[in-house]
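Shared between the two complexes below is chain A, which pairs with chain B and chain C, respectively.
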Partner chain A sequence: MEAATAEPVGVVAPRATPTDVVGLGRRRALGFVAPAFALIGVFLIFPALWTLYIGATNFRLTGTAARSPDFVGLDNYRHALEDPSFYRSLWLTVIFVLGSAVIGQNGLGFALAWVLRGVRRWVRRSVETLVLLAWILPSSVVAFLWIAMLDRDGGTVNAVLGNTPGVAWLIEYPMAGIVVFNIWRGTAFSMMLYSAALSSVPPSQLETARLAGASDAQTLRDVVFPHIRRYALTNTLLITLWTFNDFTPFLITAGGPNHRSEILPVYLFNTAIIGGEMGYSGAISLIVLLINLVLALVYLRAGRRRPA
Partner chain B sequence: MTVMLAVVRRIGFYVAIGFATAFFAIPLLWLLSAPFDDPPTYAVRLPRHFSVENFAEIARNRYAVPALVNSLLLAIGTMAVVVAAAALAAYALSRVRVPGRDALLYVLLLLSSVVTGTAAMVPIFLLMFQLNLIDSRFGVVLVLSGGLLPAAIFLLKDFIDTIPRSYEESARVFGASPLQILRHIVVPVARPGLATIAVWTIVQVWGSFLTPFILLRDQGKQPAAVLVRTFYTEGGSPNLGLLAAFSLLYSIPVVVMYLLAWSRYGFRFHGGIKS
Partner chain C sequence: MHRRISRWARAVAAATGLLVIAATASGCLGKDSKTDSGRNAEVKEFSLTIAANAIAGGKNAAGAEWVEKWVIPEFIKDQQAKGRTAKVTFQPSGAADEDYKSKIALDLRSGSGADIYAIDGIWVGEFADAGYIKPIEDLVGADKVTGWEGWSQIPPSVQGNMSYNNKRYGVPAGTDGRVLYFNKSLFSQAGLPADWQPKSWDEILATANTLKTKLPGVIPIQLNAGTAMGEATTMQGALPLLVGTGKEIWSNGKWEGNTPALRSMLKAYEAIYRGGLGDPVLQQDAKGRDKSFQAFAEGKIGILLESDYLWRSVVEPTKGIAKMANRDQVVGYTLIPALGAGKGIRGQDFVSMSGGGGNVLNPGTKYPQQAWELLQFMNSKAATVAQLAGSARITQRQDVNTEVLAKDPMLSFVSTKVLPLTAYRPGFAVYPRVSQALQQATLDVVSGKSADDAAATYQKALEGIVGADKVASG
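On to the complex of A and B.
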């Protein structure tokens, strides 16, 4: 009966055992899974499905539409597709994801993993610890660390650059601010993943490349890259999914000034929770859900093709 | 000539490492120095006047200590719900074969990474609004549990699958009931797995911002994650001393738990699990 379902990655292979070893019984087994499945059903699956309905109404938090929302069909989607503020937000999200995750975290994570192989153990440990700390500290704390860094009058960045009067970085370059922040915040994952990936490159091949007089760039391209290509794909998909859903930039710029760093998660918050336009935000949520689903499915496919 | 080149390259190499280290270290240094400075500034610097007065501020603030208690309540509450519900479900799923079980688990795991806090913000807010669970810490515990459970069940089931069934079979021969078997045999053997899930849940909840932020309006009920933001966004110039000391105090448990998990189990790579 196991063979009927596709065997997912990472699941222990089914052993030839009878259906119910410890005499739990179907009914009791059902009782055991019920609490967990009820919670998942109500707080994970139902909200996702309900989004379909909310997005098709004119639900608002206040006024008459709050008590009896009307069904408006695809109006919200039409509205979104005609709304320049939605496009602006989508575009800012693309810049944020590409700049901070796909290029920034990927690039810096790989560079660190590559460079740290060749240094003394204590140097490696110290750098890794710092990078990991940036990753594990609570988001509202690290957000303020960067607000302080980039402050116009007392910030460390202006002090180091000797800017007097200082540059108000988060007002003049809000997108660059949150991109740099997110590189700092999230590089740890890519670094750890790439150091694991790099240990799968056979040292003998690196040695051969060195003896053959290959330059670093040639070694990376011809020896290292073929080994870590799949890891790179997996990593890129995961950090894209996370960065796309990351709400932390809200803590730094709140989407401002004047919507200039209003990436989709912040846009959703501002239209839904602040603006109270639930129907319209429901439609945007569904778009976000679908993008997430596509990313996750591509991730699964990429994972499944990896040789075990 | 080649020696020169090698030396230059070596120097360049260490300069690059130095820059990367500075990039990661400098923002963190504020968290170490500012809490002990009187008064601290935005800039990273050694404390001019070393003092622990900022920590006394925490005790004097109306919301600071309650916020830490709220964080603890949310973390412990969610941990209890997740560990209990996941253990029961994972055990049943591990020991009773149901067709399509693994596919179902996989779909749930997929869903939990697709239905993120951001994507579900609107329906979750409306749901809690209509259930009258806005401003309820219990409501936040339920929402967070729903999001964490799929991964917890998945990890625990993998763990329980590796426990041999022979103990349970012999206990059954001696007439133990399934709940007794679970309590006296499975739970003790599965303790490391349960502990991992417990620590993982606490770390996730301790740092989570968005869900409590949208669901808890009453400042007296908000956890530390939300209060830290209030400290630096609420009117006028923030009280940096209080903010710095409180941030440090609030951050320490997460770091300690990571160190604990690290020293005990080594660095485990939970790819795709950190949400």
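On to the complex of A and C.
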């Protein structure tokens, strides 16, 4: 039974394989992978090292430090680790990722996938289309719509609720605003992934559970979850990383008011481009890169563990 | 085990190698290019681009229209007469000033972009230090610069807006002044005089309180605050108040830190935004400045501190971005009082702040001589008159000002009453960062901190920017 289940985060068991199965020879094999290595080098490794270098200077967008930046060693990193605004952004990012991705998109995506299994085909198709639409529309268009919807003076929400004077939603509740926005925006991916995952649960097992008199909660816990555990992990890993690096909230609140929704990507932009502190932002970028790597490692570890 | 060590060794070697490559390539992080003033000087065909934060139908629409409908066709005609074929394009923008600044800084850094840029005077220092712009004489030759007749028409104080370390980096485009605007019809409804002239801050607050009790639903006074408005907060809020306490943001080698003057300034914000006289939410809105214009034009704001820009480009009856058909009857203006009589800088009773932008040449231009010719053309008397298009503005040229300002009572008021008592911002490269710290301090007060706490935070930020030894406090 277990073997029939498709596993997205598969781990190849170590076994003794000959080093040259295809018979290309080491040199030709290297020739084949060289373009890939070159691309990774140019677009991944070089920018990372470049960031490392910029982060070690006092480079600025304007002024003398733009013409001839000085090497300052680890000063930027020390500054970042002492800077309350960095920790504030980190904390807001944690809230944003947990609220909108790990709980929001995961939960809503699974709930939609679960509920839509049993409904008529046309209902399922229309709901799926609507959810997908939220996902595929261009960010700038979507951001404009949300601002128009939540605006204090002419916003749709205030008009519907009949609030006068209106509530400035994005100023009173900026974090809640971008969390809800991101759930709305990104649920489609989780929904589709869970739809596919649920189809891998053998109907016979669900039927058996039903005949044995298991409640819905019991069925989910004991029959469905063991099958989709790895999908859930993959999904959570992907949406966590995406959300962690998501810049779209900038289009809605620009990190404001008074930095209250300044998640790390927005903080980086505001520091580097608006504040002009390129060197300092380079240092923060590298810290963000490390956090991303750690997150990915944690999830990969969790995925490797065999179910008890 | 041995195998593993060698693998690590190889990885470390590879990483070191890449680091060396990165460090070698990094010589180009700084930027310093040479310019050849004679480049392409003799060509018969050339193309130039003018960029400004102006766009037809949006921000500074009149400026965009002038470039597209007057400067470009007239310059092409002028060049044709000289046997040259010019192709000139306009690159419009309609963004917040801070975003526009970042954009052109990146353009200039990469050595590309338009040939002529409109920039704010306070950016000159930091752009010059970065090597993004150069003195015009270095680009086109000293004799070509001093040979222009226009300089004799531009007062030295206005030329200062586009100069740095006594070198001209660009041609200024006029200057401006700040006043208190008020809505006369709201004032008459509240039983207040149409020729209002407050003599102290207390008098302004008292008037605002009268508006508050008599006219519920109207915002009595709006004073620019917060970071979303950028430099508008500093120029139409923090600095006019600061000079009203008798201090300038920089004087005698020191920046104004957490001092009594700065705290009085922040306490005025406290009185307005925590006393229910102004709308604090508006100041935190990303589109706050546009919204304040709209609200003023709709008669929802009693008193607003703004520059003459409001009069000629915002509530202007035909071309403004928040038109007021009855502007001349409804909008009143008056001098900004100091904290009290004689409490302003130089012992003045009334104060103001002035600034102004201008146009610079991109050192990376392919056609420096032709670009300079276009820049002179844009600042000729004919062009300056055409730019006004029948309206008035304090232009850079005295010969034009004497003709046009008399036509507009508001602008002659600024020219004759405001400019004599105005102050300018310090032309240092570091000023824009100090300005951001000031904006943050006002935002702190607006969003709930006490003036004393905000002043203490500001002091710390300021020390980080200019160094503790250059900050006055106490």
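FYI, the second predicted complex is superposed on the first by the 245 of 308 C-alpha atoms of A that agree within 3 Å, B and C clash if a C-alpha of one lies under 4 Å from a C-alpha of the other, contacts with A are read in each partner's own complex, and residues count from 1 in each chain.
In this text, a contact is a pair of C-beta atoms (placed from the backbone, for glycine too) under 8 Å apart; a residue touches a chain by one contact, two chains touch by 3 or more.
Every value quoted in this text rests on a predicted model; they were computed, and no experiment measured them.
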Where does A:D153 make contact in the superposed view: on chain B (first), on chain C (second), on both, or on neither? both
First (chain B), second (chain C), both or neither touched by A:P69: second
A:L161 contacts which: chain B (first), chain C (second), both, neither? neither
After lining up the shared chain so the two structures overlap, which partner does A:I171 touch, if you call chain B first and chain C second: first, second, both or neither? second
Please name the chain, chain B or chain C, that touches the greater number of residues in chain A. B
Chain B versus chain C as contact partner of A:L81, first or second or both or neither: neither
Give one of first, second, both or neither to describe whether A:I273 is in contact with chain B, with chain C, with both, or with none. both
Where does A:N258 make contact in the superposed view: on chain B (first), on chain C (second), on both, or on neither? second
So, A:F59: does it touch chain B (first), chain C (second), both, or neither? both
One more residue to check, A:I45. First (chain B), second (chain C), both or neither? both
Under the contact rule defined above, give the chain A residues that sit at the interface with chain B and also at the interface with chain C. 45-46, 50, 54, 59, 61, 153, 254, 273
Okay, in this complex, where on chain B does chain A touch? 13, 16-17, 20-21, 23-28, 30-31, 41-44, 81, 84-86, 88-89, 91-93, 95-103, 105-106, 108, 110-127, 129, 142-143, 145-147, 149-150, 153, 158, 161-162, 165, 168-169, 172, 178, 181, 203, 206-207, 209-210, 214, 224-226, 228-229, 232-233, 243, 247, 250-251, 254-255, 258, 267, 269, 271-272, 274-275
Can you name the residues of chain A that touch chain C in the complex? 41, 45-46, 49-50, 52-54, 57, 59-64, 66-69, 152-153, 168, 171-172, 253-254, 256-258, 273-276
Would you mind writing out the residues of chain C in touch with chain A in their complex? 18-19, 21-23, 25-26, 29-32, 98-99, 102, 105-106, 109, 123, 125-127, 129-132, 226-228, 281, 284-286, 291, 429-430, 432-433, 436, 443-444, 447
Interface residues, chain A side, partner chain B - complex: 1-2, 4-8, 10-12, 14, 17-26, 28-30, 32-33, 35-37, 39-40, 42-48, 50-51, 54, 59, 61, 108, 111-112, 115-116, 118-119, 123, 126-127, 130-134, 136-149, 151, 153-156, 159, 184, 189, 192-193, 196, 234, 238, 241-242, 245-248, 251, 254, 264-265, 268-269, 272-273, 278, 281-282, 285, 288-289, 292-293, 296-297, 299-300
